[in-house]
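Letters are used for the chains, namely A, B, C and D, taken in the order the chains are written, and counting of residues starts over at 1 for each.
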Amino acid sequence: MHHQFLPTHYHLTLGPYAPVLRVQSGDSISTTTVDASGCDQHGVSVTPRGNPQTGPFLVEGAEPGDTLVVRIDQIRPNRDHGWARSVVAPNVVDPTYVKQLPEAPLADWQINHDEGTATLKSPLSKLGELTIPIEPMLGCFGVAPFRQQAISTATSGEYGGNMDYRGFKAGTTVYFPVFEPGALFFLGDGHAAQGDGEIAGTGIEISMEVTVTLSVIKGKTIGWPRGENAEFIFTVGNARPLDQSLQHATTEMLRWLEQDYGLDPLGANLLLSQCVRYDLGNMFDPAYTMVCKIPKRWLPVL
Amino acid sequence: MHHQFLPTHYHLTLGPYAPVLRVQSGDSISTTTVDASGCDQHGVSVTPRGNPQTGPFLVEGAEPGDTLVVRIDQIRPNRDHGWARSVVAPNVVDPTYVKQLPEAPLADWQINHDEGTATLKSPLSKLGELTIPIEPMLGCFGVAPFRQQAISTATSGEYGGNMDYRGFKAGTTVYFPVFEPGALFFLGDGHAAQGDGEIAGTGIEISMEVTVTLSVIKGKTIGWPRGENAEFIFTVGNARPLDQSLQHATTEMLRWLEQDYGLDPLGANLLLSQCVRYDLGNMFDPAYTMVCKIPKRWLPVL
Amino acid sequence: MHHQFLPTHYHLTLGPYAPVLRVQSGDSISTTTVDASGCDQHGVSVTPRGNPQTGPFLVEGAEPGDTLVVRIDQIRPNRDHGWARSVVAPNVVDPTYVKQLPEAPLADWQINHDEGTATLKSPLSKLGELTIPIEPMLGCFGVAPFRQQAISTATSGEYGGNMDYRGFKAGTTVYFPVFEPGALFFLGDGHAAQGDGEIAGTGIEISMEVTVTLSVIKGKTIGWPRGENAEFIFTVGNARPLDQSLQHATTEMLRWLEQDYGLDPLGANLLLSQCVRYDLGNMFDPAYTMVCKIPKRWLPVL
Amino acid sequence: MHHQFLPTHYHLTLGPYAPVLRVQSGDSISTTTVDASGCDQHGVSVTPRGNPQTGPFLVEGAEPGDTLVVRIDQIRPNRDHGWARSVVAPNVVDPTYVKQLPEAPLADWQINHDEGTATLKSPLSKLGELTIPIEPMLGCFGVAPFRQQAISTATSGEYGGNMDYRGFKAGTTVYFPVFEPGALFFLGDGHAAQGDGEIAGTGIEISMEVTVTLSVIKGKTIGWPRGENAEFIFTVGNARPLDQSLQHATTEMLRWLEQDYGLDPLGANLLLSQCVRYDLGNMFDPAYTMVCKIPKRWLPVL
């Protein structure tokens, strides 16, 4: 079944809140998200800033210990301008270089929906005009955390959250561990495009129309977000420093290869050792994000 | 001019040693490297293990403060088998997971030169047979470090060294800061292929035939290794934790964009913020390696 | 005014929960805490494990932006045995050493209240019997976090939480930023003694009788927990890695010296640079804790 | 036997250099060190800056795999003024705070030898005058590294080097692993006093008169510097981030307790878990330093 949902309020924490909609496993939802500052498709501020989340959506039958499957069917900006910070964050440059970072106001990026591009006009700098392809993605989405916590949309964890990974775009399927009955799925913080690491602290922030399909895998327990696209399966680790993010993601991938691909520990290690690829999600948020990937073509045929 | 050089001894540190050959800026050198364990094209141990280096090669006219340009013209395995560790290193998984890592002997990978593949037969694991394309690369190469240090080929720094980055393959040009007269260039530690991060502590370790072209850019001073290939320009940071590697690489990229691409600080930041890409070199060696990249198509036209 | 409060339920997250008692600024509260596993003074499990918290206590008049002052008047174990993990955590040893860590059951420590000591009998090891002085402390305490979050008692942040610092003992005064009306103060997780770093993941875990005096400093805003005892003023940073904990604590100390001790930025830096002391709180919890201290005798006389 | 040695040249790297003096195991040496900038007891620059080292001293009979014992008999400033940086380093504060760090010239500290104090007059700041006790210490000392490396006196490792730990003062005995025949002992970089962490990048830098007694423990192999004073035994880990320094030091302490104090692995873990203390050496140099300590009174009686 397909649901159309229009949000009337938003959350700045992921937690065990009353669901805005109850759906069956396998249902799709089309909805909207406001941008990170709480502005909607008209650029009007409708809720306080800080990655406001649409949701939560309750999936009937999801219980702690299950896995929630989120297929990102479509994500597209629903207005023609985004905003972004102009200067990289002080934590991504040498501490001795921080004083050389310039100060600058937010940058405006104009979206050309027909051409699928975003254009920056930067009158204050010599860069002039810069046009890049858009790759719409979700910066912050996930489920209610374990132990009935309510956690700020600034950060991320096993439950997902503000992972700010370029790979979370249309055509990608994401798996989350379920901690609360009904999973309680949230989404928001769309980016028209983003560099690796979200090193300025924002992508091109914009409101979105999003369609997702939610389903439940009963009795399957995972430790960290997982995902797949046409080419890769991947796991996501969220922590500081980057080393620990990578450790979480790598450990989760070893577990996945053993659980679902029929490999013994040695086989999982052998496959990973020469075939692994890593992506940097973000190195800006309180928890950084690293992604561990294996090309599907090298997975064992089950 | 093109030189053919056959090494008769090797170095386990990069330092201010007597050159084995003096070349002019613009000359090419074809030579061989032994594998990380000191074995040559016949699989015979000819020197102690630990990333033995061929060289150093002195480039006439290179002075401290200049930049050495190393174009990797060709790199190909010169025997038909490589070896690799089978199990990922304990520092790339969760500390609580380390006890679950299996123990296993080294893995043998057979090279098919015609097909450009490496094949692992793993009779001890359920993985069975795994065939992947080879992508020959240099694990450890660079110049004599600053302050007349002599530094182990296990690690890396501003001078290059054991960076273990998959991107150091044929067709790539690498730039090193010059610290000693003549630059004193070393190379070794070839890998037929390697996963991101060199997370098992080795790639597919093998001896190589390598051709490089060395030249000098007088009066140009850089802070960290830089490079370029058909698609990207990139900078390399070597340190622990990964966060610091990324900081070094990002800072060096900002400097590069300002020095050579006519950008002011704000322009360099704007370009980097939404267009940057990062690669993980290694997360195994004493210094980890992160690579900061900008697609050439988004660079300002000078 | 002095309150005697007997808890009937506990919290496993610090959040904006209904207060169990409302007190005036300047009031004292004597209450009890269960141990980290939820066992009371009789060793009986009365609530689920995980640093259950007594509270929250609402202090009338405390508003966001104020500071809550917590004087730890008394803290003493109210039973004669504590428990502890026997083996250090895998994250505090070299990754390559983890496999050599032994497996062992929990250790029992007997408390001698008259002598103020804890004694371990370790029949499984050659250590034999070990008697050390007790230094009762609070492992986890603090206020409701910002943005109405509810955060697990496993970790810590600007609001306090599971800091596991040996210095939080009787005679110490602690300052917390106030994020919710009434501050909402929680306490629990008593340790009869603890090594620096809580490196085995526990101190000597035990139930306690605790007396605290709570008061409010109106209009004073701080960024991280602060404290003082007879000898030092100190600031507390909670994050990973340890480097970041130290950065938070050091920055907060610079701010304190400027705000309250009449120093200009240069003076605060000069004082800190040669006089600072650091303590390691914990290196086990999701957020690590470092403490930055200045001896009171070197503070400017106001 | 007691040697008086007057240096005529200095080293900026620790490496396998020609010894300036050969001594027998058990001999004492009285010598001088210049300050970190290469200035001697007259404040005259006699060698280039960068922690110039006196030595190396060769101890007859020391072989790789042995341990060098260095008792610091005496260390006292031999002039009446030291210098220090005035502002903490950008890596010890929050990255977002770096721009608020002031700029200031070096600070002069006057030494009162009779009273054992150092006094700062800071006319540029409100701090005014600050007098603290001196605690003379060695910032950088150690032996020639493994693999015949020559490593900058800016950093540290298993061989010692620039550890900048306040505990390296008179009355302390330090143990170093021997990597080169004769050990080749270097010393320099004296500080009249230093805060924990050397967070401004210097202590009170001054030239020194130093007396050490060198001896060899044949056949005893250690992994990292160890030490002892009247109250503690301790181990030293040098790496980044602080977490890894602590891991090295803790692992080395577990090994020591098992090797020399008759403990089994469980006993070593039990002792460490509730009795360990940590000191911060430095968090400024390329490798940070953490020190793991056990009070001698809790060590097993052998």
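Convention: a residue touches a chain if its C-beta (ideal position, glycine included) is under 8 Å from a C-beta of that chain, and two chains touch if they have at least 3 such contacts.
Here the structure is a predicted model, which is why all the values come from computation and not from measurement.
Between the interfaces C-D and B-D, more contacting C-beta pairs are found at C-D.
Put simply, the chain farthest from chain B by mean CA position is C. Rounded to whole angstrom units, the spacing between the C-alpha centres of chain A and chain D is 47.
Chain geometry summary: the mean Cα position of chain C and that of chain D are 32 Å apart. Averaged C-alpha coordinates give centres for chain B and chain D that are 34 Å from one another.
The set of chain D residues touching two or more other chains comprises 91, 95, 101, 240-241. Residues 12-13, 15, 50, 146-152, 239-241, 244 of chain C are the ones that touch chain A when the two sit in their complex.
Those residues of chain B lying in contact with chain C across their complex are 89-91, 95-96, 98-99, 101, 241. Those residues of chain A lying in contact with chain B across their complex are 84-88, 91-95, 97, 100-102, 104, 107, 109, 118, 120, 122, 124-128, 130, 132, 193-197, 199-200, 202-204, 240-243, 246-248, 250-251, 254, 262-278, 280, 283, 288, 298, 300.
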